[in-house]
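One chain, chain A, links the two complexes that follow: it is found with chain B in the first and with chain C in the second.
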Partner chain A sequence: MFWQEEIEVISREELQRIQLYSLQETIRRLYYNVPFYNQKFRDVNLKPDDIKSLEDIQRLPFTTRDDLRENYPYGLLAVPREKIVRLHTSSGTTGKPKAIFFTKKDIDQSAELIARCLIMTGVKSDDILQNMMTYGLFTGALVMHYGAEKVGILVIPAGPGNTERQIALMQDFGSTCLHLTPSYALYLAEVMDSKGIVPQRDLSLRRAYLGAEPYSEETRIKLENMLGIDIYNSYGLSEMNGPGVAFECKYKDGMHIWEDNFLIEVLDPDTDEPVPEGQEGEIVLTTLKREGMPLLRYRTKDIAKIIPDTCRCGRTHKRISRIFGRVDDMFIVRGVNIFPQQIERVLMGIKGVAQNYQIHLEAYDKMTVKVEIEQDFFDGNIEKLLALKSRITEKLKSEILVTPQVELLEPGTLPISEGKAQRVIDNRNL
Partner chain B sequence: MKIKQISVFLENKKGRLLEATEALAKADINIRALSIADTSEFGILRLIVQDPDKAKEVLEKNDFTVRVSDVIAVQVVDSPGGLASILKILNDNDINVEYIYAFIQKSGQKAVVVLKMEDLEKGIKALNEKGVILLTSQDILQL
Partner chain C sequence: MAKIREIAVFAENKPGKIEKITGVLAREGINILAITIASTNGFGIIKLIVDKTELAYQKLKESGLTVSLNEVLAIAMKDRPGQIHDIALVFSKNGINMENAYVLVEETRKQAYLIVQVKDIERAKKLLEKENLKFYDE
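Moving on to the complex of A and B:
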């Protein structure tokens, strides 16, 4: 099923023609309407007419998070302030947040993309979406909300938290789809389990959309089994409208990125050069349809790769792999680059390990992985626990090439998260 | 005769053992025998109490990870060689002892030890054949 079939299965040639046209048009608007970009073009002695092919994008300047912060609040608007109808901000853990603006047309366009995503996963008019992302300045919930309404399904604007009420809503209204973060999904599954709720028997759930933080394939499989549903990966970031930038189709083999709206590059984060297709690198995105606040070559800091083959679903828009990690999440221990997702992938594949874990880094690169054990795994036998500990240590060592200290914890000890989870606690004061 | 033992998983965190014993005290559960197996990061507290089901319930309510398993309790003569005679029976029958700990007893004439073996049934059989008396949960109540 398609929402906008003609654009979703468009030929690559036609798609590239549209991309070039949209890129040139975006560049003209930025050059003439946004002093920040005008200056950037002048710095490298470039005029809008110099961009004659899609490859020429490599001559254009990047936009970074710092650029967004420095131009806070209104500095990057490409339309008069009066045309803006909505503000979102992106969570800034340090310093100023980033402001993202939508015109009416931008809101409609982001809703169209979500509609494509939902239909792509099999949503029909009888579906009910329980939206468990945060409503407010964060893009996650509202953009999904508008898209689901565009499709015409019932949306329950539950927001996150209050897990017992969430379950009650599912029971009372028969929610079929959930939209939430992976860490909250894990917690939700755990609460259901402890309350004796069997989702397959007691609820009407069919699928869940997980986004806003990276997670592993093992976690997806674990959650699919626990909840008895299909789980689809969703990729988005506030700077690019929020959710709906890329989304999985029913084959769950990579996320289709809507290339008529976003021009994607995958670059080596150190050299800024494109990597060969299929290789991992930093995702860099250029908005092609955005009116209020177009962004050129935005450095997402997300590491992923393009899946080169065409998809069985018929859509011609390229697929990206799940996000391997954020450049910023990466930490270095004893000279080795490590992403928390690597650790998660190992942990979730080991029987006896519960959902929650934490990575602690102390002086002299002492790395401790704290892992909760599963309630049912404990049978009073100390050998079994020691064997689990050494199994975890061995498997982690072969994945990350560093031998961590592994600490087994009682189930439920680590702080639970209803939003983005803090997995790495770095006390090294580097 | 098997008796029930409570095992509690304790992570290496200050005050965790205190919390467990306090929870039992509040529920008026008396500990008859106890042992702690510990490693550098975690430990297992093993308990013999008069009402194991209640103890499990109380501990779980206080967020502890608890398992009830079977062990045996044996009365041995409180004199040199008392324990050795029991262990010899098990050794002769190739029965591996996982762990062992002793009871606190008021009378002081006989000692009681708790034994966990890999193959509990085989151990019970071997001890019975040699006329060793195993305590019942009823006996535990009397102690």
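Moving on to the complex of A and C:
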């Protein structure tokens, strides 16, 4: 099933033609309407007419998070302020947030993309979406909400938290789809389990959309088994509308990125040069349809790769892999680069390990992984726990090449998260 | 053969853990008959034999602790030298390994029991029933 079939299965040549046209049009608007970009073009001695092919994008300047912060609040608008109808912000850990603006047309366009995503996963008119992302300045909930309404399905604007009420909503209204963060999904599954709720028996759930945080394939499988549903990966970032930038189809093998809206580049984060297709690198995105606040070559800091083959579903828009990690999340222990997702992947594949974990960085060479054990795994046998501990240590070591300290914790000891989870605690004062 | 059940509680090594367990039991008027604490680097397991096993298990679980309930062997002991040795002989003769063992003294203080944890309790019971051992009667 398709939402906008003609554009979703468009030929590559036609798609690239549209991309080039949209890119040139975006560049003209930026050059003439946004002083910040006008200056950037002057700095490298470029005029809009110099961009004659899609490859020419490599001559254009990047946009970074810092650029967004420095131009806070209204500095990057490409339309008069009066045409803006909505503000979202993206929180940073340091300093000012990033402000993202939508015109009416931008809101409609972001909803169209969500509609494509939902239909792509098999959503039908009788589906009921329980939207468990945060409503407010964060894009996650509202953008999905508008898209689901565009499809015409019932949306329950539950927001995150109050897990017992979430479960009651599912029971009372028969929610079939959930939209939430992976860390909250893990917590939700755990609460259901402890309350004796068997989703397959007691609820009407069919699928869940997980996004806003990177997570591993192992976590998907674990959650699909616990909840008895299909889980689809969703990629987005507030700077690019929020959810709906790329989304998985029924085949759950990579996320289709809507290339008529976003021009994607995958670059080596150190050299800024494109990597060969299929190789990991930093995702850099250019908006092609955005009116209020177009962004050129935005450095997402997300590491992923393009899946080169065409998809069985018939869509011609390229797929990106699961986000391997964020450049910013990477940490270094004993000189080795480690992403939290590597650790998660190992942990979620080991029987006896519960959903919650934390990584504590104590010193240059000392890292402690705190792992909650599964309630049912404990049978009073100390040998079994010691074996689990050494199994975790060994498997982590072979994945990350550093031997961590492993601490086994009781289930429910680590702080729970109903939004984005804090997985890495850095005590090193670097 | 009468069976006896032991409660095991998973505990990270941090202050206040034992107090939490004993607090729950005291509030419920549950009597601890035997307690052992085994700890390794980082975590430990506290094992208890109590008078109201089912209630204790429920209440400890409700208080958020990670608890399991396991069947163990309770072998009656005479108060004389060589008694544990005799029992150990029976075990080794039958090829049963004692995984963990401790002593429980009856509330009347007249009878002591050796509490023994084994891997395959059904097999152990079958083998030991043929021996001249007395077991705890719950």
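Here is the rule we use: the second predicted complex is superposed on the first by the 429 of 430 C-alpha atoms of A that agree within 3 Å, B and C clash if a C-alpha of one lies under 4 Å from a C-alpha of the other, contacts with A are read in each partner's own complex, and residues count from 1 in each chain.
We take it that contacts are C-beta pairs under 8 Å (C-beta built on N, C-alpha and C of every residue); 3 or more make two chains touch, one makes a residue touch a chain.
Predicted, not measured: the structure shown is a model, and the values here were computed from it.
Peer 1: Do chain B and chain C fit side by side on chain A after the overlay, or clash?
Peer 2: clash
Peer 1: Quick one: classify A:V191 as touching chain B (first), chain C (second), both or neither.
Peer 2: A:V191 contacts neither chain B nor chain C.
Peer 1: Looking at A:L385, would you say it contacts chain B, chain C, both, or neither? Reply first, second, both or neither.
Peer 2: After superposing on A, A:L385 lies in contact with both chain B and chain C.
Peer 1: Pick one for A:L54: touches chain B only (first), chain C only (second), both, or neither.
Peer 2: After superposing on A, A:L54 lies clear of both chain B and chain C.
Peer 1: When the two structures are overlaid on chain A, which partner does A:Q375 contact: first (chain B), second (chain C), both, or neither?
Peer 2: Both: A:Q375 reaches chain B and chain C.
Peer 1: Contacts for A:V9 in the overlay, against chain B (first) and chain C (second): which applies, first, second, both or neither?
Peer 2: neither
Peer 1: So, does A:L169 touch the first partner chain B, the second partner chain C, both, or neither?
Peer 2: neither
Peer 1: Chain A residues touched by both chain B and chain C?
Peer 2: 373, 375, 378-382, 385-386, 389, 407-413
Peer 1: Contact residues on chain B for chain A in the complex?
Peer 2: 5, 7, 9-13, 37, 39, 41-42, 44, 46, 63-65, 67, 69, 98
Peer 1: Inside the complex, what are the residues of chain A that reach chain C?
Peer 2: Answer in residue numbers: 373, 375, 378-383, 385-386, 389, 407-413.
Peer 1: Where on chain C is chain A touching in the complex?
Peer 2: Against chain A, chain C makes touches at 6, 8, 10-12, 38, 40, 42-43, 45, 47, 64-68, 70, 99.
Peer 1: Within the complex, which stretch of chain A touches chain B?
Peer 2: Checking each residue of chain A against chain B gives 373, 375, 378-382, 385-386, 389, 406-413.
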